[in-house]
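To keep things clear, I will list the structure first and then write my remarks on it.
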Amino acid sequence: MPGNTFGNMFRITTWGESHGMGIGVVIDGCPPGIPMNESIIQEMMDRRKPGSSVASTTRKEEDTAIIMSGVFEGKTTGTPIMVMINNKDAKSGAYAAFAELYRPGHGDISYDAKYGFRDYRGGGRSSARETAGRVAAGAVAKAVLKKENITVSAYTIALGGIKAEQRDMTVIDKNMFGCPDPEAAEKIKARVEEVKKKCDSLGGIVEISAKGVPAGLGDPVFDKLDGELAKAMMSIGAVKGVEIGAGFQAAEMLGSENNDAITPDGFESNNSGGILAGISNGDDIIVRVAVKPIPSIAKEQKTINKSGVATTIKMSGRHDISAIPRINVVCEAMTGIVLADHLLRQRAIS
Amino acid sequence: MPGNTFGNMFRITTWGESHGMGIGVVIDGCPPGIPMNESIIQEMMDRRKPGSSVASTTRKEEDTAIIMSGVFEGKTTGTPIMVMINNKDAKSGAYAAFAELYRPGHGDISYDAKYGFRDYRGGGRSSARETAGRVAAGAVAKAVLKKENITVSAYTIALGGIKAEQRDMTVIDKNMFGCPDPEAAEKIKARVEEVKKKCDSLGGIVEISAKGVPAGLGDPVFDKLDGELAKAMMSIGAVKGVEIGAGFQAAEMLGSENNDAITPDGFESNNSGGILAGISNGDDIIVRVAVKPIPSIAKEQKTINKSGVATTIKMSGRHDISAIPRINVVCEAMTGIVLADHLLRQRAIS
Amino acid sequence: MPGNTFGNMFRITTWGESHGMGIGVVIDGCPPGIPMNESIIQEMMDRRKPGSSVASTTRKEEDTAIIMSGVFEGKTTGTPIMVMINNKDAKSGAYAAFAELYRPGHGDISYDAKYGFRDYRGGGRSSARETAGRVAAGAVAKAVLKKENITVSAYTIALGGIKAEQRDMTVIDKNMFGCPDPEAAEKIKARVEEVKKKCDSLGGIVEISAKGVPAGLGDPVFDKLDGELAKAMMSIGAVKGVEIGAGFQAAEMLGSENNDAITPDGFESNNSGGILAGISNGDDIIVRVAVKPIPSIAKEQKTINKSGVATTIKMSGRHDISAIPRINVVCEAMTGIVLADHLLRQRAIS
Amino acid sequence: MPGNTFGNMFRITTWGESHGMGIGVVIDGCPPGIPMNESIIQEMMDRRKPGSSVASTTRKEEDTAIIMSGVFEGKTTGTPIMVMINNKDAKSGAYAAFAELYRPGHGDISYDAKYGFRDYRGGGRSSARETAGRVAAGAVAKAVLKKENITVSAYTIALGGIKAEQRDMTVIDKNMFGCPDPEAAEKIKARVEEVKKKCDSLGGIVEISAKGVPAGLGDPVFDKLDGELAKAMMSIGAVKGVEIGAGFQAAEMLGSENNDAITPDGFESNNSGGILAGISNGDDIIVRVAVKPIPSIAKEQKTINKSGVATTIKMSGRHDISAIPRINVVCEAMTGIVLADHLLRQRAIS
């Protein structure tokens, strides 16, 4: 398989390059009869729009989602839903200078190794812009989950080394970083502005939680729910780490501390992150992902050109300081897609 | 797809329960002409044998690998290789007492939610014993990689909170924990013995590195090499976190720190873990996994029975104190399988 | 898997309904560096245009192929190629009358059983219009095959009961039925005009041959080359039968007649249709498909409405008399896709 | 994908060579709680045993099915069911003489082209013996279907050019050819004996019908139910043609003849073979397959050796005269597997 498809019974295939004609996604396997229209998709798409936080690029993308197929009279038909976004504000000229250079931290060098050449404009297929299709698919997945009262949300729990000390979900939409700790959000803002001046960039951590997931989702062995979530998250460009529940913390715990005691009223703790032996146990699903700093920085960096000759590079384009918070909705979308897929898979054997 | 198959062009399917007739694996897609015999597989299998370290159970498993098909006159034929291990030392009686109870930290409760009932003997399909098939497949994968001079190794870099401060690969085989730091290995031994007395268990961190991987492996978007490795690792029972290169550390770095400068002689650092935009860049692949403490402990724990009534449980069977170091070879095997798969996938488009 | 994707290493996913916004295809896995542009695709698309023969509808479809992604500076990039055709001349009003009726020989009744409701306009997803995406993908597949000097062609060997008695490939493009027998083509023309007057329709047989296919393509057991071709053909709406080489004729032959004798210069006959044990043997691949008559006829037919009440139906829309010859290029495209897929699969293990 | 796996939600993977240690199948995705034991499987396996008709080899195969996993206390657990058959009466010496020769009509020459070499003993992986695993899986599939009152049966409708003129299902088990026409069965017997004396072999036609299939199974476009059945059938070694309902006959019919009129009581005819637009319509599923004559004949035939030098060959082993009737149960099994798969797939979206 060539790698642009994800999921089994709820299955998405994305297409499109950053500065080509457009980008999009084919969503196959969505059950029929789910209420769907462009507003539902647009609402979720708007959350990854540039310019929504001080950490983001000012590149303007309308990102208008067009449903090309699979929806009839306001409902999904069960056939492939193709959602397309035409590319508009694509100044590919800005990238021509980098056609012969390998940007550090980017896939330019590995793409050339794989394919022999590449569409160098804006990262081509490796552009974060590809994730717009995932978000559109995530909106459809979330509509499928909604019927079962399953909800998914993603929020920033660390950025630039500053950590959220609390999880107040009511404030997530009230600060520009999608952070559940208002004080941390303030400190993050200061940190971002400081780093921006230094022409540098920042990484952070996103947490995703899913509530209402019934026990029994996930397949044993290779398609464990946590395995699928790990792939879903690590398939997002900037992600370098994934953990479930206690995650890396569990490596330092005793068994008696890490085991979640079971009571008639449920689990006493959630170190498992809602997944035991790869199958949901009815508790909240908790995933955390490490997001690396944006590699495109205006600082001078050492690199080589396509002929292997040493040179330097400064990226003066319109770039985000951090992939967070724009990446949050992508994490949320991918989590929704995994859960919708396994919801359908579980129905097949029930 | 039902979840017991992994990989695309190099594809494995495992079968079998802990205390059934046997366990095994079908390896499909191995190129023809690779030298193969039972000794090659057995050698790798022996590394996950119980009793090889003070942290492991004394349960004796011969784990004799039998090649049932796909090898003719000492070479792979290109057809499915089935490797089987008959179950022998399976005292299922020891588990009968737990048939009606849910062991904390185990998949008993989620399996029952999924399937309505379960083979309760020794965890059935969710038993770590399932990984024997993965290791057999890993031995075949490593033989495929060997032809291209690609090597994979896994080693313990933390156990019970004690961390390896160095990476001396020459000592990995010289201590019972597969640790590249002899001093840390000594401390780990003491820690394990202390916790054993307290009837508790420990977690840790395994690092896997692959050398000689050519640039260009991995598919963009969903089947990114790191995405595939993340799934491969998280599909191993006890794993709760995966990171690539700088991993969670990257979340706290500046872009200028995290970007690996490119020089005519290669990369100046390896925060990327050898993978850029999901595709190998020619540097060493570096993966780390967080392993939770063994959930089976002799300490009393709160739980419920199948009827939902509160009770307590003590697991007095023969259990490991830590999944490390037995799990190391499983991580190594899964890494080998991912790399062999993508090696073949890359050939298809070259 | 939801069913709108075909192929493994060369993989296509079609989307779109007859009277929606448009239709299209995502082609994933095409190797990089293949010369490609819209003219190459358009040329093949034009062969399934309506109005090209007396047997076809006069519905005008421009069917202008737009390459949305995956091609850069005249070459494929190795990333997904999305080809789109906007729907234009879509008089959905003509179908409103049939929204509540089940057209005999059509999928209306089975779609409603599957999904609960359907996009009734022009057959929605089950429309032959879906095959435009396949043809676009076929043009890309044929470009991949061309590099290896593999060619594929499809031609009419029977229509309305009149059979081609010879295989003169030089005349295929010289009659409106794509028939390799000019005399048969004349008789077919008369037959079509006669049946047209009677408001009825006709079926026929298409033969597809592929030349230059190297020995060794096809996977044993389930993904036999003939198995894959059988699925590819039978997945085309009007096809009710598929045979390879001697096909149904083989059922009446002796082993000594049917076996193709092997000589130093090749096979003495080609009853195998170029495939032995599911793997190409270097001879021409020969496939034949039975195409049923167009079910949409202006004659009155018995049917029921959605409430199960008996009624009658006459379809007065603009319909073909026969799916042949428009279907020929679809058969050719699907054959090309299967061969391109297996060409890449074979490279993976070589 | 390497080709030894079939199905999506109900998925089988076969392994094993004719003269290796054994053969078998992993059945993944079988729902939990289905009553299952070795007798159920053995009963179906016994129907493909050699020696059951005058047309079959006298090679004695016990073909004892052993369930290695996935069944606990008489019920399927939802985890992989591995069924194994040890090879016993395997006189590989009989084949050594053919190691350097290509048997006409066999895959020897194409296997060598694909893999560079082959396990020549008894056809290795291309042996009809591989189908024993399919039959075991078919027994499990039929148990899944039985819960929904779906039944599948296969019977001989032509052998050696003699055709069944009627479909008296009550006599299928009463003649050695599984023929629903006792008179035809008599003639077939005479024909087989005549051809046996001439050291030659015969082909024929098998019909498979499935009753009780609910409307709505099958996926549109590529995974049409007829497309899947076509692949399933054509993946059986000796099959050279597949047709659904009226099949090749439909190519000669008028639309008004071929369309099945719909009435409140169902369809007036079944030219569709129970499938419209790739989806079951509630009527009986009707499939027919053309089976070529057994290629192994004692008559002298022209061939070449591995060095390409012309020679002749006579196959004096213990061979069937016709793959029918032993192949019938294989066709039945594959049909059951396709239906079980689509039954589960349909549940996922319902």
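By written order: A, B, C and D. Residues from 1 in each chain.
We take it that a residue touches a chain if its C-beta (ideal position, glycine included) is under 8 Å from a C-beta of that chain, and two chains touch if they have at least 3 such contacts.
Model, not experiment: these values are computed from the prediction.
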{"item": "Longest centre-to-centre distance from chain A, chain (CA-based)", "value": "D"}
{"item": "Interface with more contacting C-beta pairs, comparing A-C to A-D", "value": "A-C"}
{"item": "Listed pair (B-C, C-D or B-D) duplicating the A-B contact set, over half by residue number", "value": "C-D"}
{"item": "Centre distance in Å when chain A and chain C are each reduced to the mean of their C-alpha atoms", "value": "38"}
{"item": "Whole-Å gap separating chain A and chain D, where each centre is the average of the chain's CA atoms", "value": "46"}
{"item": "For chain D, residues contacting two or more additional chains", "value": "1-5, 8-9, 14, 29, 32, 78-79, 114-115, 125, 220, 345, 349"}
{"item": "Residues of chain A that touch chain C when the two form their complex", "value": "1-5, 8-9, 11, 13-17, 20-24, 26, 28-29, 32-33, 66-70, 72, 75, 77-82, 84, 114-119, 124-125"}
{"item": "Chain D-touching residues of chain C, taken from the complex the two chains share", "value": "1-6, 8, 14, 102, 104-107, 109-111, 113-115, 123, 125-126, 130, 158, 160-161, 195, 200-205, 214-224, 226-235, 237, 240-264, 268, 271-273, 275-282, 290-297, 299, 301-304, 308-310, 345-346, 349"}
{"item": "For the chain C and chain B complex, residues of the former touching the latter", "value": "1, 8-9, 29, 31-32, 78-79, 220, 344-345, 347-350"}
